[in-house]
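Structure record follows, encoded as structure tokens.
Each chain gets a letter, A, B, C, D and E, in the order it is written, and its residues are counted from 1.
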């Protein structure tokens, strides 16, 4: 009943959303007006395309995020067995985090952690 | 056959055995599945409606208002009335929107919250899936909902929505880490990732007491990051009413909007439920080692009540944050995560490991 | 500085102009061609030191169009009024003072919008309130039967 | 759908967003056309005129007492002060000296107007920045001032209480008590505002060094009121050219040097304290006397030009009346502070983020009907 | 080292300022008596407007259906928006003289800005502000009102 349950939950969610959408589609009224389907921009027609290349200011953060997210994946198994392994695990993880911490400190020093 | 409010495992076992006695095993499993699905669906709806009402009342009282007070006694049916209204609102298809993704987004946010809710232990034995990597699973699933937000913003063909989506991207790259690290800190203390075992481990003291200062720090970080994960409160940049009108869900009307709305509250519930499980002992009553009389009194309160009270306390904290603070700006958001929460979190993790190593955690 | 001294000083700065002691302020009436040069002198002279432009008023004198500038010295706390007139109602042109006081930018756009006075060297002379289908409503000969009710 | 997905992708193309006319943060029908590069604002172009009513044109066909009630509709949060400006100009032109009673009452009401305007500013500014609770607290306390207005003037926002030569009617007997009660209450509540918002670390970080204007820029752009004073430009008309009873009270002109959004906010917060001080100095000393001078039924201003400036809650309002001796003015020009403050918006917000644009826009405290007139 | 101290001081001050803010909202949360909401339509009966409240222009009539309006038209002249129109008629009064009276005192509520100039200017105090504040109607024509009641006469002694 473990892993089938995941599928079950997935299906329940999907069916729930689907049914409600269908129901709403049936009962909700429909009306047509030429400007109604325009995207909302404070009542003014949109100028140009929406999907332009969008300049995001957190590119470096995203790269750092990848590094640290992978780190967390490593940390979870360690955390589970930390109690049993004792000192060895602690020292290992201190070294592990030290290296990552140095990386973070370097990024900080290089002003990579400043949004621009 | 005896079952009590205090231990649902006997109840579920009774259902299981009686079903198996009356039909073939395959059918029994199928019926059980449907029962679980319906139970979760009902619970989901009730909690969602209640939370919306609670939020309105809480914020109204904080703002010297009455809040909803017209529909039903004290306005309790207000959310139901709203739901009915939203059901009957036209679903406006937006010109040039990416229709497939536009319609997919509400599915994703709702499914993500459904899957997370299945893993939460509401009481002893009242848990749809008790995974041995429960904490890990919850982190993975709860980050799925943000994808829905991103998709919604992208697919809307609306400039406000797009900016909202980009901001929610920034939120993903920051607050996932803090949630993860804060929970890792507690896993170190618990020594297991299975949620039921984590709760069992808190029989003689909840982790927030057991873990001393590192646990408190982890809790504070978890609440901050959890609020950010749910796109709420001071971290509602993706929505940012005064800047982006409604952010990622500007173009969603009627019941599609309601799904985002519902998902936001359910995510809040999930974040609070995880916090309850990991920090406040889940459904475990408040026990003090040695005080048998006191413990017996505490045991008298059903675990489900314990769980819900604790969860709503955490939810109240999050509402309190939302209705007090101004919104962060995007660079502040990233600064807070990368310059404050992350270093403190890493240090806190080492502190906790040291605590566990030296046995100071009681 | 007292108004009488100010009037004397103004007369030396702008010899061609007509300097009048008005009811409240010293009023200097200039030819449009002199406007910019005199305004610059008034601004930079350390005794007048008119560093703040309070307002620009477009005027319709019936026959002429004109502008009135209220200038203030934040150092010496006095005010001087500059006036200028153009008689060409079809194509009135006056020098813009945007280069001296950036505050003039919006005021002059307003005057252009409502009275049709063109400002030379204005960085961005477009209509401000109304769209191009309107006339110039603050002119006395402006007629609008629908929106303005005659009393 | 297919077509849109295949749309050309070009980085250099401008990403233009309309903020307004229907936008939560523009407080009315202001339209800002914002060019963006990611989150960074490259250019802001204000488009105004959505509620241009031609008040200056309307003034040319009505009499002076009738003009006064039109000025209520310009900066509706400083309605009483706008009224006062026209009255002072007309009285100056006619050479009428109003009684001390009128002067005192006008001053008290002006300061109450300033307080309620700043309260609304605080409320909406908090809301612009995402702190919704501020809105309710601000309006809750503003209600008390509006009640004072309603009891004495009959109107809440649009008071229309002034007339040339004095006031429409005498103050209500409750006026003094109510005002004192309000000040006692508000002295306790105002520190709460600071605890909720001013001290908040998020709030401060969002506003400091945002939309900075130097003193020179402020003078050159003619920025007055709290906006100018935050930059260190001493421009308080009440100090420099006192009118009504401002020469009989002692108060400080709030000046800061920084000129950023936070100090624009701070000036307003401090001004509320000063306003309360001014009211307290006057409220018990309202002298007896006539509440209005005897005026001719038809007021005709002698030929000439009259300029009067007053300090509204947002800055210097100048009234310039040109009279040709008739009962109607020949030309009226209102130098409204918001119109002037809108002009340098582009200058202030270039290079800031969208959230900052909202903050700057909020800190200027623009009232759109005053811009459009 | 200094930057370290600054860093932690920043955290400390930040947290304290946040707690300060929380205490304000928390205080109001636990004190529900501070609620200021007026439950409007329910409390309509107790709702008392201030004496000075400018609701709408009314013309008070006494018990004998008499009003004080002489039909002089000063209010009409003083109104900035033209929201008052006076239609006068002339009758022969008891003394046999021709007298001008009002036929209809028409008041366009929809155009009124409640400036009070008509009331201030009225030489016989015939009109004043009423306390009515619920002006919403479904038909715009209902906003045009005739202030003098049908069959009313001018009060004796009012010139």
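As a working rule, a residue touches a chain if its C-beta (ideal position, glycine included) is under 8 Å from a C-beta of that chain, and two chains touch if they have at least 3 such contacts.
Here the structure is a predicted model, which means the values were calculated and not measured.
Chemist: What chains touch chain A and also chain D?
Modeler: Chains that touch both chain A and chain D, as defined above, are B.
Chemist: Looking only at C-beta pairs in contact, point me to the busier pair out of D-E and B-E.
Modeler: Higher contact count goes to D-E.
Chemist: If we define chain centres by averaging CA atoms, which chain lands farthest from chain C? Would you check?
Modeler: Ranked by distance of C-alpha centres from chain C, the top chain is B.
Chemist: Whole-Å distance, chain C centre to chain E centre, using C-alpha means?
Modeler: Averaging C-alpha atoms per chain gives centres 41 Å apart.
Chemist: List the centre-to-centre spacing of chain A and chain C in whole Å, with centres computed as mean CA coordinates.
Modeler: Going by mean C-alpha positions, chain A sits 58 Å from chain C.
Chemist: Please report how many Å separate the Cα centroid of chain B from that of chain D, as a whole number.
Modeler: Going by mean C-alpha positions, chain B sits 45 Å from chain D.
Chemist: Report the inter-chain centroid distance for chain A and chain E in whole angstrom, where each centroid is the mean of the CA atoms.
Modeler: Comparing mean C-alpha positions, chain E is 55 Å from chain A.
Chemist: Which parts of chain B, given as residue numbers and ranges, touch two or more other chains?
Modeler: Touching at least two other chains: 62-65, 96-97, 157, 159-160, 166, 245, 323-325, 330-331.
Chemist: Quick check on chain C: which residues sit in contact with 2+ other chains?
Modeler: Answer for chain C, listing residues that touch two or more other chains: 151.
Chemist: Using the touch rule from the top of the page, what residues of chain E touch 2 or more other chains?
Modeler: 18, 21, 24-25, 36
Chemist: Judged by the touch rule stated earlier, which pairs of chains are there in contact?
Modeler: Listed in label order, the chain pairs in contact are A-B, A-D, B-D, B-E, C-D, D-E.
Chemist: Show which residues of chain B lie in contact with chain E when the two form their complex.
Modeler: Of all residues in chain B, those touching chain E are 58, 61-66, 69, 320-321, 323-325, 340.
Chemist: Give every residue of chain E touching chain D within the complex, in rising order.
Modeler: 13-14, 17-18, 20-21, 23-25, 36, 49-54, 78, 80, 113-117, 120-121, 129
Chemist: With touch defined as at the start, can you tell me which chain A residues reach chain D in the complex?
Modeler: Checking each residue of chain A against chain D gives 41-44, 47-57.
Chemist: Which bits of chain A are touching chain B when the two form their complex?
Modeler: Interface residues on the chain A side: 1-6, 8-14, 16-18, 20-21, 23-25, 27-31, 36-42, 46, 50-51, 54, 56-58, 61-62, 64-65, 68-69, 72, 75-76, 79-84, 86-87, 89-90, 93-94, 97, 100-101, 104, 108, 113-115.
Chemist: Give the list of chain C residues in touch with chain D in this complex.
Modeler: It is residues 22-25, 27, 51-55, 57, 59-60, 68, 70, 74, 77, 79, 81, 101-103, 105-107, 110, 114, 128-130, 137-138, 148, 151 of chain C that touch chain D.
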